[in-house]
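Each chain gets a letter, A, B, C, D and E, in the order it is written, and its residues are counted from 1.
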């Protein structure tokens, strides 16, 4: 299993797709907060088209911060972020769509679930019949078809999170950023959504950045895994997962899967130990 | 491994403690929401002193609803809830303390982390020096000692959740209700907190009700596991975990642990399948 | 307990009505006990007597005042909301213009009424303009605050999807602002009413077709204090009615989702 | 660009001042271009001339009005907050009493000032009472709404730990209410000022030690319109100053956590 | 000395000169009264303050006293200052008399709707529709060449003259408007309990008026102390008008302060005729000539 040092060159492409141009690139960017705390040490990271990159690391190591840089919700204190080799303007043009699943569901309390999911389509001016169909599809995908007319507060925590995932998928993004989307779900639902997500990715080949705390999930889904360490937040190690796609339930029980999980687990342990105080010590 | 039907008698006590009187009892309570949706079918469940009961089940099966009945935050549409064989008045008297970790962190945005954690002590009128010491202890337990003076928005998602756990532990409760407290944490931190929680429980022997989506966590921590199914929310199966305490890292790699996990996994799968539409179908 | 006392409707209406009756009783009692002369503080019974004889005149005056009030309130609500929309476009715009909104609020109607009368030929329109000026600021202030108070997560979501200013306004800021917007309206509805009365005091013509202010002035001048109180009572009753209507609208608009309006589920 | 233009301080103060200068310029220009007579609409230069000669008198009057304003505002803030505290104790209390709070708001000062003046012997106190009445309602209304708008999760937490009503008030409701409380104060500060001016108009205090209303009335009678505008300008300037002070206090109190006050981090 | 307070109808001005003069010259003190002259204002309801016992006497108006009597309120007029109500209309230069206002906008205060406006309506056939509010300053009048407005001879015409706007002034009393102007009104209680003080106050006040018309300087000093905005030119203009209109002594030189029953009857007749007063009201209760009989202050 190839384990690379941070900042290595592009990964070998799994399956038969050619390596894509970077959809999002972090160029030696760092982040210092208003109170002087250093959230991210200068780091570089590129996620190419057709890549599925998972971020994993101890609590507080900067995964959400990194993701928000990629979503242009925060600006780096130093360094740059590029989308499709351009500024954030490039997003939304030429069919380049970016979606983000936040760490919490972030639904509009005054709108029903269907309206919440439909929001990005409305904002993009997608005509009603088409939008309706896509909303229904996205809700079915996350198992909320029968909750379309509920308000967020009438859903359970896991359901709210799923609605938020449906909202991210509904635009058929080219770059999908997800912050622990399945953290609040039971194993059964989670496995099903993992499989659905993997199939969807294989079909559409969007660039994906996926924050997770689950080793199994990371290995199952990713073409590459970035292990982060805290104090300051940095890329600790990058691990390629060169297993072939599409991956099904069989993959979960394969020897390759187990090996990858073990290797990732060790890397994660090392990253946690390297994080010192600040992460759970 | 003993697998019991729902509504069976009290569990055999693990370790050497005598079976305790119920700290909280649900007596054929159900819950119908204002919009007519049935959240919980009539169910009964008792959690005795010194018991550690995990609730596990598909998303939307009513775990949070059940917990909020136990915390008196919602009232059952029918049936009753008893605390120490009395009404909710019994809580807060004779040193009977109840704490709840919500599914989201629910911190006061205007107060620093230390003040947030300290809140229950302030409400109970615990004098300052003693409160200070206990807040520091609780923060250290969850690895946030160095964040005492931060505001919630300056913490990562996982850190906020840990602050919320510290707030629940700071009162040294006799009945501790937790709704997926470790869902947003990385494996490393989560394992450490699992171990800490198990040790704490062994020391203090509070009654605990623990909602989780992790099979391993449920088996590692619990004296009994309640598997729930949805549509309507109900107790699908109860599983005793008669392994001895204290449980350490050795337990995680024992054959008994693996057996229990496998059995629970099967039960959970069955519960998911029995939940029909509404849960992720 | 009778069913009446238990009904939800009674629980809504009962307490304020009871409070009112108790207050009226105390008032009547005080007046009688201490023999307070009518021209100082008339007893409720004396005021009621006025209604018995003068109801038509008074109601006509009320209607005239209400007409001004409603037009002024509508104007203030529309203009205030638009101004708030402009303010939230950028902090620079708000900083540049907010002081001038404050100036509008603190300019006494009494002082600018002459100018308005010169500018606006139609007396009724002049009254509406004066009253609207009085009612404007709370709408601007509360709506601006409301439009600014959005969930940062949702704001991020909208930014991410490159929502334009108009989309953000309509789909995010306005729904977020509704509770405060309505709070502003509840304050403004009352202000529009006193604005109308004050404007009538200052700029109102007397004679036929005049409003309650004229009745108050005349009653004061003729020392018909019970009649003055009857007119005052009509004003306060109208104010309370306006307020209740606004509160009802608020509940209709927000009942389903905002914490301040939600009743606990049982 | 000079450093001045780039400084944060300038960006704060620059736009409103520039806007003001532009408006003043337009005004002066209009007056000169159309030769508008001074007694209809005086040009800013004419108003400035008044300040050159009459500043001491006008400032003394301003001080007197401000004294009333500040006392009334303080009274309204304290009383309004206390009333809001009472209101949130229970829906029944609120339903029973809120209509009467509305009544206070919609009773025209002009109408009840004579009663207050008769009841309160000291003229200055009577003025304060009138102005406080005008300023009271927005504090009550906004604070009550604020005290009701608490995060339901936090409310549950407090219920769980059996927090008493006082604890819930102090540790949960009050912090949650602060943004709306301050919004209420921002509205009320201006109302207290016009309340004070209107009360002076009504109570008809004249002579030395009298406030700006007297200056406005007298200037109006004597058609010294530039002087009247100078007095009006002082009122509006005082209103804006009050508002800015309240906005500053708001920022001090909430700057760290409330969305409406937070600046985006860069 | 016995305390006695008198509330005027407006901010201190020439029309109140005699009272301030009496104060300045110590006439009240000599009569054994510790007098307190207070100035009124646009929204001050003097009658209410009088009946509430806040002041001992007020500068009143015949209509209001008759209205009070109608309500059974114990207000009594004990003397007058002016032989006429000084109320009039100021018009632009094209208007040649009170009857010339058919197509004009007339700016009047709302209180005028129950005083002189019904009288003008009845006499010249005017309508409510042509009225607009008078806000007590002259901008609307100046701005509208078609406007006329209510005025006092000593105030508004002076402002117009100052601003160079040609204007005419017409006194309504000249066309037969009946009431007295600027009277002294007390409560019946005061009248019964302290008649000597009332008498002394009236007497001293009228002496004050006599002296004021000779040398207004002492009174003016007090006026300007109470109302610093009052200018010398305006006061002088006011005094000249009072003299010109024979406000204090009437056409045939009566003693200052004198009232007659016949005049009160005329006022009552007008009010009843205009529907401003119920016919059954006993108008005799509104005044007493008891204190004016021995007045002897005269102009020259």
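Everything below uses one rule, namely that contacts are C-beta pairs under 8 Å (C-beta built on N, C-alpha and C of every residue); 3 or more make two chains touch, one makes a residue touch a chain.
Given the structure is predicted, the values throughout are model-derived calculations rather than measurements.
Taking the definition of touch as given, a chain qualifies here only if it contacts chain B and chain C alike; those chains are A, D.
Counting only chains that touch, the fewest steps needed to get from chain C to chain E is 1. Annotation, chain A versus chain B: rotation angle of 180 degrees from the Cα superposition, expressed as a multiple of 5. By number of C-beta pairs in contact, the leading pair of chains is C-D. As a whole-number value, the distance joining the C-alpha centres of chain B and chain D reads 51 Å. Per-chain Cα centroids separate chain A from chain B by 29 Å.
Our note on geometry: chain B versus chain E, Cα centroid distance of 86 Å, whole angstroms. For chain D, the set of residues that touch two or more other chains comprises 40, 110, 114, 118, 151, 201, 220, 228, 258. Looking at chain A, one finds that residues 33, 104 touch two or more other chains.
Counting only residues that touch two or more partner chains, chain E has 45, 48, 52, 135, 137, 139, 143.
Residue ranges on chain A touching chain C, taken from their complex, read 68, 71-73, 91-92, 98-100, 102, 104, 106, 108-111, 119-120, 122-124, 151, 153, 171. Remark: chain A residues 33, 35, 37, 56-60, 62-65, 103-104, 142-143, 145-146, 150, 154-159, 162, 179-180, 183-190, 192-193, 213-215, 265, 268-269, 272, 277-281 touch chain B in the complex. Residues 151, 153-154, 156-163, 167, 171-172, 175, 178, 256-258 of chain C touch chain A in their complex. Those residues of chain E lying in contact with chain D across their complex are 11-12, 39-45, 48-49, 52, 54, 135-139, 142-143, 155, 159, 162-163, 225-229, 231, 234. Looking at the complex, you find that chain D touches chain C at residues 11-12, 15-16, 18-20, 23, 40-41, 92-93, 95-100, 102-103, 105-112, 114-115, 118, 137-138, 141-142, 145, 148-152, 179-180, 183, 186-187, 190-191, 193-194, 197-198, 201, 213, 216, 220, 228, 232, 235-236, 238-240, 243-244, 258-260, 262.
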